[in-house]
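Notes for the one structure printed next.
So that you can tell them apart, the chains are marked A, B, C, D and E in the order they are listed, and the count of residues begins at 1 in each.
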Amino acid sequence: EKETKKLNIAVAANMQFAMKDLIKKFTEISGIQCETNVGSSGKLTAQIQQNAPVDIFISADMKYPEELYKAGFTIKKPEIYAYGKLVMWSINKDVKPSFDILTTDKIKHIAVANPKLAPYGKATVEVLEKMKLYDVIKNKLVFGESISQTNQFIISRAAEIGFTAKSVVLSPEMKGKGSWIDVNESDYSPIAQGVVVIKHKNAENADAQKFYDFLFSPDANKIMVNYGYK
Amino acid sequence: MINLNLQKKLDSENGMMNLDIKMTIEKGSFTTLYGDSGAGKTSVLRMFAGLMQPEKGSILIDDAILFSSEKNINLKSQKRNIGFLFQDHALFPNMTVRENLLYALDKGQNEKIVNELIALIELKELQNKKPENLSGGQKQRVALARTLVRQPKILLLDEPFSALDFKMRLKLQDYVLKIHKQYKLTTILVSHSISEIVKMADQIFILENGSIKENGKPIDIFSNKKVSGKFQFTGEVINIKKEGFLNIITVLIEKNFVKIIAEDSDLVDISIGDFVNVASKAFNPIIQKIR
Amino acid sequence: MINLNLQKKLDSENGMMNLDIKMTIEKGSFTTLYGDSGAGKTSVLRMFAGLMQPEKGSILIDDAILFSSEKNINLKSQKRNIGFLFQDHALFPNMTVRENLLYALDKGQNEKIVNELIALIELKELQNKKPENLSGGQKQRVALARTLVRQPKILLLDEPFSALDFKMRLKLQDYVLKIHKQYKLTTILVSHSISEIVKMADQIFILENGSIKENGKPIDIFSNKKVSGKFQFTGEVINIKKEGFLNIITVLIEKNFVKIIAEDSDLVDISIGDFVNVASKAFNPIIQKIR
Amino acid sequence: MIDWQPLFLTFKLAFITAILLFFLAIPLAFWLSNSKSKIKPVIETLVSMPLVLPPTVLGFYLLIAFSPANSFGAWLENYFGLKLIFSFPGLVIASVIYSLPFMVHPIQSGFSNLSKNLSEASYMLGKSKTTTLFKILLPNIKPSLLTGIILSFAHTIGEFGVVLMIGGNIPGQTKVASIAIYDEVEMLNYSAANTYSFILFIISFLILLSVYLVNGGYLNRISK
Amino acid sequence: MIDWQPLFLTFKLAFITAILLFFLAIPLAFWLSNSKSKIKPVIETLVSMPLVLPPTVLGFYLLIAFSPANSFGAWLENYFGLKLIFSFPGLVIASVIYSLPFMVHPIQSGFSNLSKNLSEASYMLGKSKTTTLFKILLPNIKPSLLTGIILSFAHTIGEFGVVLMIGGNIPGQTKVASIAIYDEVEMLNYSAANTYSFILFIISFLILLSVYLVNGGYLNRISK
């Protein structure tokens, strides 16, 4: 039993592909086996609140870890392990991403992550509002439940263009597909992603702490930068 | 002694009908219900069997109460140990002829009876067919056989022979009579056929509009009305053939044809299709047993 | 002229049965099918109606081909304009009695006929009831009425009167005969009752095991076998009562009781339940019309 | 406090879907119950297949199919002016596809359970297959029809994945209640989610209950 | 390349759920079709209610109910040693609750379509309600039983929201195919997601097709 005990990592869905490399590296270094439980941050938070067996929670924003901290499920305050970056992306060959094109007839639908749920969605709205575009193109917006669904809107070309995470367009699967531009980072509040170690009644969380520490190591940082995080 | 006291409001051809029946039946007797379509015959059987609930009344077998509206007793159908042949067969469509009979077996009862009954109803070759492939009369025979499998102490038969040809009907009538006697069953038969009733039953109840109009021995009931010392029949004129002054009239009296020679004067008023009385005052018939 | 030539393998009580029927029926005639249960009567009607497909053969009405296995023609039931009374009624459970009849109306046909038929079958009071609440005989009457609504040129009746009491049966027989004549219908009736057949039909086909064994006029068919110049009947001994040296024997001859006085010596061999011949050589009966 | 629009949209979607399905499923189920065709089992199976894919996945495939960037979607848009993605009609079509088995299978089994006698009797009265279907067969499988309607109605209300994918969560157009509730749950706004769920639950409960009451009353009346 | 475990788990879950539901639904449907109780329409409605909630939301409520942090979940854990969150048994129970209407309603309508004659005939042969149910009623509503089994089987395969919420995403235990597909989509691995979907589709197709073929053959045989 003891030997097969693995570290349970709850991972926000959009961190999943970076996480694969991170875990690989971590296991290489520490020899600790990990098991991931992927879901939306909201779902994972709900599960943790119901005593689901989770050792460490890697969220896509700060809100959910804060919530858990306040409710006393974590050992420490959440720490930011990375910042996400927003990009504008299109798969269509004849669509060159730019803010000007958004208002043209060429663009009928703009895919955005749900601003209530996904930090990238919130950031997108902020940007659009700042550029006084929001009210103009409000009717073109379609909302994905998560960043991943937003990607699907773009990839299926149901939406001609959309806003997503930089990690997406840099991922091996999507590299070179369509065209994208960075959104000026000063136009939106930073997309901070937090991590917390979950408190357990009696078990010790040494492994979890190790992973936590690993996340802030240069090794991990290198991987995350590769995936478009800061 | 079986006591039926049944009251229930039913719809009828003349508006609302108050079914109100009091019947006393000896155990081991063979009783018939006779009456017009809609008189309430099937309803009486269904109440006896526990498939229909009387509004008021009671059903007693000796001291056992099967139903009593006063005492609020209503024994389930399953517990009444009554065999019921339904007017519309109600064979189980998912089972073959044989399986229909096997299903009726009581726990631990010998399967032999099933083979006997299948032979009796002459459906050996069809025993592995599903009911939907049977003819009307074949279904009726299976329904009868299924009712007889358990040899229940009380047997309710709702027009069990109506779809059968003459030969088969006689054969099954005889069989029912035989087991009725052999196992001392109490049997109630619904029938529209007087000869069947007279042949089979000890007792007849004539139902009219939900009430018992008459009851007694079938022979008395029908005799009082129809028998006379004379040799006298009712029949229908089928043919009239002229031969010189005489006419040969063919009269159908049930299954028998009688040719009668009549003079023209006798013929006034009589034509083909008329119902007639045929009688003879001075008649001393010969009687012979037939094989 | 209607020509039926039907061949089909059916299961039967004696193993496989080769139904093989050739029938010619005059238009406007009244034909009966008679035969044992399982002989193939219903199957013949179903093939005529297009509900069962013959393996080989043809069905012709004058020059019109309803079915031909050679020419690969098989007219749909709906197109054959045939009325069919099913042996098991097949009333529509979702409709009341009246709605069952109304449904049968052709487009533009007058509703009057429905009222007439409901009155005829004496179900005025029950016309708004669903079939499940009807008695067996009531269902049969509705089925008959429903078949008659459209007054189809060809009428197939599969034991239409079997569940009816005597009075109702006579009444409906008469009605069927009346409309048969009035509208020049071609009617085929399946029946187990000889008196019914003789009364109604011009022509009888006796089926045995899927083939036609005999056919002709009912009166000839049954007469040849049963009529004699003598006044002679078959009946069953119901009662024997001793009075001194004499015995009064009651014999049931169909619905009639006859009392016969016999000496002890005549009685040798005869006991209750026996079938007997009752005959008289010298007999000159009186015949009277009855009202 | 509560935004009623998603609820309104949900019931509108569920009603329209159930009604469309009803008329679509009847001929299909009728054909399936009568056919002796070799491909019948294949069609029967295909009808159930939308169920085995996770709703979001099915939604994604539908999205690709309906997208005007692809030939089928372009054809729909050019020839029929039909824009199915991110629109209410698209939701309806997706729901119809997804809930198809809930309507077809119960009706089909209703037909199969029915005695052949009834249709034969109707044919002998010169009635066409269509008349027989509507006047005789359907009225005699009311419980099955009810099952089909209830299952597809209720399922459309709770549907979520397909709708989210095809609809794009546009307020007033495609943001149905299930999405609204989902959003609240994800935001850990449990009390708002509870309120929505409760309202959805109560309205659905009342609708279905009244259906069952009416139906029960009706059944009691005919079985009396 | 493809990890077969989620597929295996999916079909295991679907089989177990369908079988459990079958035995659970028969008595319930039988009661519903016979009962004249006043609460019957209420129960009928309640059976359908799991459908009207979005699966994740239902999953959320089940999560709360099953959680050892709450009294019901704690009771289950203490008295039965049952851990329902993030475990296969939890998935089974959740699926059973969610798919209940797909089994109960078709079976109930099958019973209702059946003529009362048959059970009466059976009672008159002295057979108990149970014997009558198993030997007479159920064999005569085969199409309805089949509908119930197919719908709940297929629905469990495609189920996703409830399963993800209750089960988490634990390989070999609760990571069913629908979640595996979800994972691949999240990882932008669309080709892997397609492969999974395709395999899921094909296997389900073959299973259902063979059910329909066997069933069709059977029905043909008895209707000959």
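Just so it is clear, contacts are C-beta pairs under 8 Å (C-beta built on N, C-alpha and C of every residue); 3 or more make two chains touch, one makes a residue touch a chain.
Given the structure is predicted, the values throughout are model-derived calculations rather than measurements.
Engineer: Removing chain D only, and moving nothing else, give me the connected sets of chains.
Structural biologist: one piece
Engineer: Would you kindly count the fewest steps from chain A to chain B, each step being a jump to a chain that touches the current one?
Structural biologist: The fewest touching-chain steps linking chain A to chain B number 2.
Engineer: Through what angle, to the nearest 5 degrees, does chain D rotate to match chain E on its C-alpha atoms?
Structural biologist: 180
Engineer: Which chain's C-alpha centroid is most distant from that of chain B?
Structural biologist: A
Engineer: Compute the distance, rounded to whole Å, between the mean C-alpha positions of chain C and chain E.
Structural biologist: Computed from C-alpha means, the inter-chain centre distance equals 54 Å.
Engineer: Between chain A and chain C, tell me the centre distance in angstrom, where each centre is the average of that chain's C-alpha atoms.
Structural biologist: 85
Engineer: CA centre of chain A versus CA centre of chain E: separation in Å?
Structural biologist: So the centroids are 35 Å from each other.
Engineer: For chain D, jot down the residues that touch at least 2 other chains.
Structural biologist: Correct list: 56, 60, 140, 179, 182, 185.
Engineer: Among the residues of chain A, which ones contact at least 2 other chains?
Structural biologist: 43, 46, 152
Engineer: Out of chain B, which residues touch more than one other chain, so two or more?
Structural biologist: As it turns out, chain B has residues touching two or more other chains at 88.
Engineer: Going by the touch definition at the top, which pairs of chains touch each other?
Structural biologist: A-D, A-E, B-C, B-E, C-D, D-E
Engineer: Per the contact definition, I'd like the list of chain D residues that touch chain C in the complex.
Structural biologist: 117-118, 120-128, 135-136, 139-140, 222-223
Engineer: Contact residues on chain B for chain C in the complex?
Structural biologist: Its residues touching chain C are 11-15, 35-38, 41-43, 87-88, 122-126, 129, 133-138, 140-141, 158-159, 162-169, 192, 194-195, 198-199, 219, 222-223, 226-227, 229, 231-234, 236, 238-239, 249-262, 266, 269-270, 273-281, 283-290.
Engineer: Using the touch rule from the top, collect the residues of chain B that touch chain E in their complex.
Structural biologist: Contacts found on chain B: 49-51, 76-78, 81-84, 86, 88, 90-95, 103-104, 106, 130, 132, 146, 149-150, 152.
Engineer: For chain D, which residues are in contact with chain A within the complex?
Structural biologist: Residues 56, 60, 63-64, 66-67, 69-70, 85-86, 164-165, 168-170, 179, 182-183, 185-188.
Engineer: Mind pulling up the chain D residues that touch chain E in the complex?
Structural biologist: Residue list for chain D touching chain E: 36, 40-42, 44-46, 48-58, 60-61, 101-102, 105-106, 108-110, 112-114, 140-141, 143-144, 146-147, 150-151, 154-155, 157-161, 178-179, 181-182, 185, 193, 197, 200-201, 204-205, 208-209, 212-213, 216, 219-220.
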